[in-house]
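Next come two complexes built around subunit A: one with subunit B, the other with subunit C.
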Partner chain A sequence: MTTYSPSIDTSPADPGMYGLLAEFHDPQALVNAANVLRKNGYYRWDCYSPFPIHGLDKAMGLKFSPLPVVVFSVATLACVGALALAWFCNAFDYPLIVSGKPYWGFGPHMFVAFPATVLASVVTTFYATFIFCKLPVFRHPLFTSERFRRVTDDGFFIAVEARDAKFDLTATAALLNAAGAQAIEEVRD
Partner chain B sequence: MSDKTITLGTRDQIYMEQLAPRVMMLAGSIGVIALILAALIGLAVHDNMKQFLCSYLTAWVFCFAIAISGLWFVLAHHLFKAAWSNVVRRIAEALSANFVLLAILFIPILIGMREIFPWTSHAYMQSGPELRHKELFLNTPFFLLRMGAYFAALIGISFYYRRMSLEQDQDGQVWRLVRLQKNAGWCFLIVCWIMNLAATDLIMGLQPKWLSYAEPLYFATGCAVTIFAVLPIFAMLLQNRGYLPGLITKEHYHDMGKWLFAFVMFWAYIAFAQYLLIWYGNVPKETAFYLFRQLGPWAAISIALIVGHFLIPFIGLISRWGKRRTSTLLFWAIWVLAFQYLDFFWQIQPAVYVQSAKVQNAALAGLDPYKLLGSAENAVWLPLHPISLIISLLCLVGVGGIFVAHTFYLLANKSLLPLRDPRLPEALAVESL
Partner chain C sequence: MTTIEIPQGRLDTGFDNTAEDCIHRDPLVTGEATYHAITKIVTATPEARRAPKIWYVCFTISLMLLCLLFLTIAYQVFTGVGVWGNNSPVGWGFDIINFVFWVGIAHAGTMISAILLMFRQKWRTGINRFAEATTVFSVLCAGIYPAIHVGRPWFAYWLIPYPNVMGVWPNFYSPLLWDALAVGTYSTVSFLFWYFGMVPDLATLRDRAKTRTRHTLYGLFSLGWRGSARHWLIYERGMLILGGVATALVLAVSSTVSTDFAVSQIPGWHETIFPPYFTVGAIFSGFATVIALAIPARELFGLKDVITLRHMDNLAKLMLVLASIVAYIYLIEFFIAYYSGNPYERFAYYNREFGPYWWLGWAMLFCNGVVPQLFWFKKARTTWWLALPVALIALFGMWTERFSIIVTSIQRDFLPSSWHMYRPSIVDIGMFAGSFGLFFTLFLLFCRFLPMVAMSEVKSILPQSHTHLPADCKAEA
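What follows is the complex of A and B.
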């Protein structure tokens, strides 16, 4: 988590400070506040909600995930690899006669290639998501907040990290307040 | 979000009054001229109109596929109580209300059915043990009865769904929608059943010796491909002419693109499943279909279908970007539609010639027709002769032009959106992830 470009990053004045946590009343308020933070140039912050909210990714200015490219590349490799393996085993290295059919045919070997492609896609999606989300994380400063527990039920939150270049305790709190936060609290690690 | 307000625009943007008569005139006249030209060329080649009927059947099946899958789309919309599809529901309803026209256009096929359907000959059907019991199903009176029943059911269901929907525009009664949803279940079953039986009659019936349990599903999947290609094309055409401005958004196009992608894949899945089982089984009554399609230029078309109907659009449609940009989606919709036509061409046209007179006479003489592959070869290539291809193209333009003209006739002066459907606001505000 510390491999961050120092030109944007500033080491916080208070090393124990994680950031500010703001609670919002409903999904729409969260989207509006996300718009405000993005327009004010904040970079190190995230939204937390119990369910996916339409339009939130746009309001946060999230970029496209590289996941599809990774999965597609691995899946293509797996498909070609499975066909190559089947060809090598059954048609080249040790030719097998099965019910009078030719040694090599796309048809029967697609049976191997198709599940190999699917399996490779699934496994890649799973682990790539893990890596892109920087998981596993066993402990997170936000979990120290009593209020934050409602995020899995009916709470809508924005946390702005103290590492953000624009972070300033009073100014950021005022901005979140103006953006419609119901409650704001400091989160300490 | 739900508090987004959407204005429907002016009356001119919802009701098609200007464009429809012009399209009807243009498409209709081009269609009629093309059909007459095709018939004249068909007469000139002196083959008892066989190639014309063959091309005509291909074009007719293509339009039939669009209409029946349009009805299938409307029924699925009600069956799943869907919201987003409301924006293109009127287009699908108009496409599905073409069955009266299609029934009229079926008359030339009925007149010439002796040329293309070998089972119309009693002697042929008695020529082999595997054919004899099929005559119970494949005989002229029962065929006419079946086609009559299909058209009665399809016309009834499509008119009921279209009329109720249009009447809801007038009175705004919600019970109409509820009733349509309640009836969608059994109507859906009937339409799917007709799709399967129509595939048996119109495709498998061309080659009575051939048997495949996957063919009805293959045909139905091909039908479903056409509707998700035709809907975005129609919607873009209307929007390009100033109708429904901002009402069909890229979210809706994205949804249609996803369905197109899904059915392109499903088509490949079913095509592969059918091929693989027949390849493994290697039983003559099943391999009859692929035998002729693995030789010479037909083999090239078979490969072209795998690449052009599956691999290339699969790559093209897989990304979110390709489905959300209207220009790329339009390109792929036209591409897939063209290859779906090629698929019907590939299913129908060689089959007609496998049953050439030479092969049939041999069958009557007690020989196995499939041993006469060599002698039948020349006939099998005939649909790919340049003149035959011109007839096929003219038939496609002809039947397609009349079909488009009639669709615009049905769309004209009616609201292009179900204005008083309770789910319309939800449909307009839909966001696709």
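What follows is the complex of A and C.
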């Protein structure tokens, strides 16, 4: 496996500069360009598209998200917690005699444990997804670009941030251009 | 009449994407299948200055029915559950019938967005948002009934286990508690699932907004989504988890509801087949609802290129499968009643078809078992004026099924001296009509102001969205 040395953050020379925004024609062009940027060792950059493009994560060299581990842990806790609650309430703290049934039965308490597990997983997934995405963010430099509004319609973009150590206005623009960008613009904060 | 500009599709020019042979089948999205065309089709309705006239007519009627719902609930809460037609021995009437009916309708949305997601069915993308909306709103309608049927709804919080001065806890063996947990979980999950899927599409509406109000409102609810690849990666993983969990949930909710009946000792209720029976029936009625709503919606809001004939064809096929399973379960129920040799069990089923409510019993068999068999014919599946009546008849049939199971099983109980007929009171009927008002008010608002089709998902299944990794990247991976 080839290793590319990733760049690190530096404070940009021009503090008002967010970075360069490049537009690409279609998903395939975006994947190709992402591959080029990754190989050139850029670190602070991202692709933007109206829908998830499969393969783009590999081209960008993105890591697996820890979301499933978090959700599984919370769901397991919720399942055990719900069973423990049912046991505590009906078998320990105030034993309830109902038709001579045992105080604690695994079968009927599945109706308690199952929804609790599902509810916990879904609520965790919902919040964890947006927390991992660092959303909501209502103010972002990219939103100042008129061109970028098409990202939720039919626009495919790459934005390279100025704080990337490898960022250089001319060199990066040239690289994006060579990678097949249709249009490149500066984005200022 | 105000019309919404509809991009013309190929459907009108005779192309066919319903062919069984995939070589001769047109793509799933007909018409001009570019990314921008899909955005235009779906955002046409939320961005139109005025809705079609028929929308205002329907919305007014729905609002009036919604008022009726509030009035009847207020009257019932202030007077007591005696305003209903329930009696002894028929302790469960319209409240439980309509609860089970509405919960059932909810199931199609989750089935389409969760189970079909697991099976990687691409056609699901055209209708999932729409079906999920029916889920969210019908669970809401269902949730009203358990909340008010307890008689003193202001004590509903007693279902929550919290340390209290009385020193008691809720009974976790009680189906009432299971119901509250199942329906509470279902409504939360279906709402979060629906909203989660809608975030990127709300961002589309935000970016296209022409006025400040629209930009602020859609911007607020789209959480600042900007289509980042890093976000999409986490988001898709989250969607998959939600789908997997909801798949288990959709099979469990009606199963839980069915245990309200199955754990009792009433002939006609005390059956092990109940969980799958209720689940299949629920999904069946849900598909009928989705078909019944999709037919007018795709006509009215110009969605024919996205919700194509192929989608309608597939929905109808699934409905046919479910109808056949439902019919099989009916036959098994009657057979087991005969085969058990138990006179009470036999009587319960005899009473269902030949007792005082015989016509509902036969309507159930005919509407759910026989009529949907029309969907064996492609003509019936792809012609709206044939598919719509079948769906509506099936919906009515599923309601009669709930009535038959609930009322006829207890209306003639073990002791003939206590037999009593059940008739819904005017409050019962008003409340039922009102629940349709609630459903349609919310549904019409959804159609008018929110993206009715999951744009980002439809775009991702277009042929031009398919990419391949560059050779050097593939070698490393």
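Keep in mind that, in the parts below, the second predicted complex is superposed on the first by the 182 of 189 C-alpha atoms of A that agree within 3 Å, B and C clash if a C-alpha of one lies under 4 Å from a C-alpha of the other, contacts with A are read in each partner's own complex, and residues count from 1 in each chain.
Keep in mind that, in the parts below, contacts are C-beta pairs under 8 Å (C-beta built on N, C-alpha and C of every residue); 3 or more make two chains touch, one makes a residue touch a chain.
All values derive from a computational prediction rather than experimental measurement.
Residue contacts after overlaying the shared chain place A:Gly107 against subunit B, while subunit C stays out of touching range. By the touch criterion defined above, A:Glu146 lies against neither subunit B nor subunit C after alignment on the C-alpha atoms of chain A. In the superposition on chain A, A:Pro68 contacts both subunit B and subunit C. Looking at the superposed arrangement, the partner reaching more residues of subunit A, out of subunit B and subunit C, is C. Residues common to the contacts of subunit A with subunit B and with subunit C across the two structures: 27-28, 31, 52, 54-55, 68, 101, 105, 108.
The touching residues of subunit B, when paired with subunit A in their complex, are 1, 3, 272, 275-276, 279-280, 318-320, 431, 433. Subunit A meets subunit B in the complex at residues 27-28, 31, 52, 54-55, 68, 72, 99, 101, 105, 107-108, 110.
Listing the residues of subunit A that touch subunit C in their complex gives 1-2, 26-28, 30-32, 34-35, 38-39, 46-60, 62, 65, 67-68, 71, 85-86, 89-90, 93-94, 96, 98, 101, 105, 108-109, 111-112, 114-116, 118-119, 121-123, 125-126, 128-130, 132-133, 135-140, 142-143, 148-154. Looking at the complex, you find that subunit C touches subunit A at residues 34-36, 39, 161, 167-173, 177-178, 181-182, 184-185, 188-189, 192-193, 196, 200, 203-204, 206-208, 219-220, 223-238, 241-242, 245-246, 248-249, 252, 256, 259, 455-457, 459-460, 464-470, 472-473, 476-477.
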